[in-house]
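Chain naming follows the written order as A, B and C, and within any one chain the residues start at number 1.
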């Protein structure tokens, strides 16, 4: 269908429409009666994930643009969309466990999560500065609210406030940078910006720098990471899980698309990005050493992991996209699994996040502890887990990235070594003699078990047989136009 | 398929253990020992393999911009390492029966058996990615046993030294491997002569050598060793010092030397100094040690330094004798650490000053100890002598100066081993209060006996092993033999 | 001067900075300062202040303000749409209808959940 010169391809937009409908349905059902069980609302949310996935299926392997080239549906965005849906479904399942998670407001909570994911979809396909900004704002605004839904806890209020303040600042950078880029290139499409990038002028450099700063804020890359540990610690558990996977994935979709569409192999403009990545790997891992709160530790860890993922882009080579997607997928399975273990063991109080309450867990609850150990080994990059092969791929890309690539490879290796201590410490604590343990985490619900098992299966299968993922990846070489 | 059975049988046994209730300690012991012994018996069938026949198994694994295969092999070189692993592991699983906390025995056996699988996988891997996976996976069981099953705060601290130090070695190795594979585009490097620039191969060999030196360990990368060796429960330290310490030198022989023959020669002067430093420092530190496990730990450093010397002297005699020495040291170290473990278990201390005169009431223990200690100091007729002697003959041809220095350590070995034996066994009886009967129990005698038998066997017939290893070395294409040929 | 359209904007920025800076700094240097109690009070159109400047007020105000913004933006979208309705045709009509329905669901949700009740 076309309208006033705007071409619209409905099949491409169908997943977004399906999610929107699902979100609205959640709201309407929530309105219908006060007696609706929370499970039903979350169930509708998961159902809309499935519906969106079904509408995505025919798009697999297609290359389409719509809205006059502003929104792309290609194999690249497809993978991100799938990852986002997976994260959304897991987050909904984990949220459904306890009232403390959603502050007793299940309808609005579930709907906001879905709307948030729509923002992620928009980001994954955005081929245009305006759409990029639209997606980021859609995602962020919903998340600001979600970060505060655990509001009886002060930490949650703190998280929401910090997130909204720093997030808006980041958005300011982003929109200002976009404006300057528009001024320098005379267009908002990434194609137009690529033309301006061929002969960059001061204005372009300033614009791109600001754009990068804004994006680094969203990715929590050092030195724009300061909000992350506090927000991760304060937000409800499921939201922290969602932030660390979905937000990162969507923002990396933008970063990769910009890097591949606008810049070439040895572009000077990306050097600040490499510097930021090196800093993130160091600060994220070193900062995690002293953490005693598991959510906070994972917050620092996510800073480091974001730094690792940037390494995938080092050579701006076709394999880099596959490496990035593999790492993100591995990271998603691993992180969601780790959060699922925490949700499983949690008892609604805050102690489930304290490392001290995991002391001696191996001897009380061997299976959750073993799963947790597996996830932390994967985050550290121990072989036979998905995280390991991800790191192998990242290092391969780093070696193709010239001197900065070598620098990143060394930072990655050093960071990984530090992370051996960070993640090893959790395992070490779980093995400790359990005297004087503050609280004994005791939950044993079915829903998080499903997420734990799925996460463990993904971590192991992708670790032992990476080809399963990789076999379908040659398409990625042509993915980003 | 037989190879895969041998590699994964311990792991499968370990998984079966998880299905047995942890209170059924009789069943747990029976299953674990049956699995470990079956692995050993199965691995004996490899003995017919020589140079002309190798057991080989390949399955495609990863394809794309680079390829990797699940490629395992047992040839004349790997055969001996596999046999060493299966024998020592079976003995150690048996030794673990006396582990103090009955409710945790299941986890302990589980970790020992998975450790055995990672070791077997490492020694059979013919693909670098596979090799690296096992290389790093070895860290996990050792780390977990030290932090969860050794039962002392010092052991929990030692776990960190082990993990971080070996992790660092592993990551540097990973950098080297990926740097190499970016050129070769395949992880299946055995038989490959990569066309690398001199500088690149220098860096890559350096990365490999660093990782191998940490794992062995060699001076000055040994600082994780004292804590790990002294704090580990006896079965674990027997496996770490007996088998795992051979991983680095095996990697050198199977991968690093064939891949970067020229860079190996460039690095050799530095590595020879490192070898001599290990030999002398280890010997002197062993003489000064008052802790019996520490003494044996430093003697390991010294003996394995001799193998470094053997490999980087590039003489065909010394390289193949180095393999003999590795196997022999594996048996001796395992036997010594197990026997010392029995003593520690009974007297509750490792202090040489606090224990003495044990032979009066424990003649069998004294006899066992005597064989192991004499083998370690290189008494002719036992396996230690054959390895040392042949190495020194070989290295004398190319490195007379370093060989003379190494000879000093051979003398020093007599000093510390005799100090160990005499202060433990001779003299008036000194026992801490509350020590139980010292004499070996029948189970303990039976389980150490195979190790001592192998030590005697290799001592009287070193040719059984040594006649094949020159072939093993040449069978590693393009092999040490080409580098050897240049200098011999 | 290079003939770039951006030069003008740069000049504008500089002038704005200078003027604002001069206005706020110069009086501070040259004026005579004779503070009295009345002068130091916050200025509320000449009426004596009744409370602290940084007083606390209910979070309800924020809620109303946020809802106001939503409907304000909606109005801003409606005006141009209304002017161009004929040219936009059926598609434009359906588009706006969808928008209103989505907004309406949100409106109903807020209403039902008590967002408008002043508690």
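By definition in this document, contacts are C-beta pairs under 8 Å (C-beta built on N, C-alpha and C of every residue); 3 or more make two chains touch, one makes a residue touch a chain.
Here the structure is a predicted model, which means the values were calculated and not measured.
The touch graph of the protein chains shown is a line. Distance from the centre of chain B peaks at C, each centre being the average of the chain's Cα atoms.
A summary of chain positions shows that the Cα centroid lying nearest the centre of all protein Cα atoms is that of chain A.
With centres defined as mean CA coordinates, chain B is found 43 Å away from chain A.
Between chain A and chain C, the centres computed from C-alpha atoms are 33 Å apart. Computed centre separation for the pair chain B/chain C is 74 angstrom, with centres defined by C-alpha atoms.
Of all residues in chain B, those touching chain A in their complex are 61-66, 104, 107, 129, 132-137, 139-140, 143-144, 147-148, 156, 159-160, 163-164, 167-168, 171-172, 174-175, 178-179, 181-182.
Contact residues of chain A toward chain B in the complex are 319, 362-363, 377, 382-384, 388, 391-392, 395-396, 399-400, 409-410, 413, 416-417, 420-421, 424, 427-428, 431-432, 465-467, 470-471, 473-474.
On the chain C side of its complex with chain A, the touching residues are 6, 87-88, 91-92, 102, 105-106, 108-109, 112-113.
Across the complex, chain A meets chain C through its residues 1, 3-4, 20, 24, 27-28, 30-31, 107-108, 183, 203.
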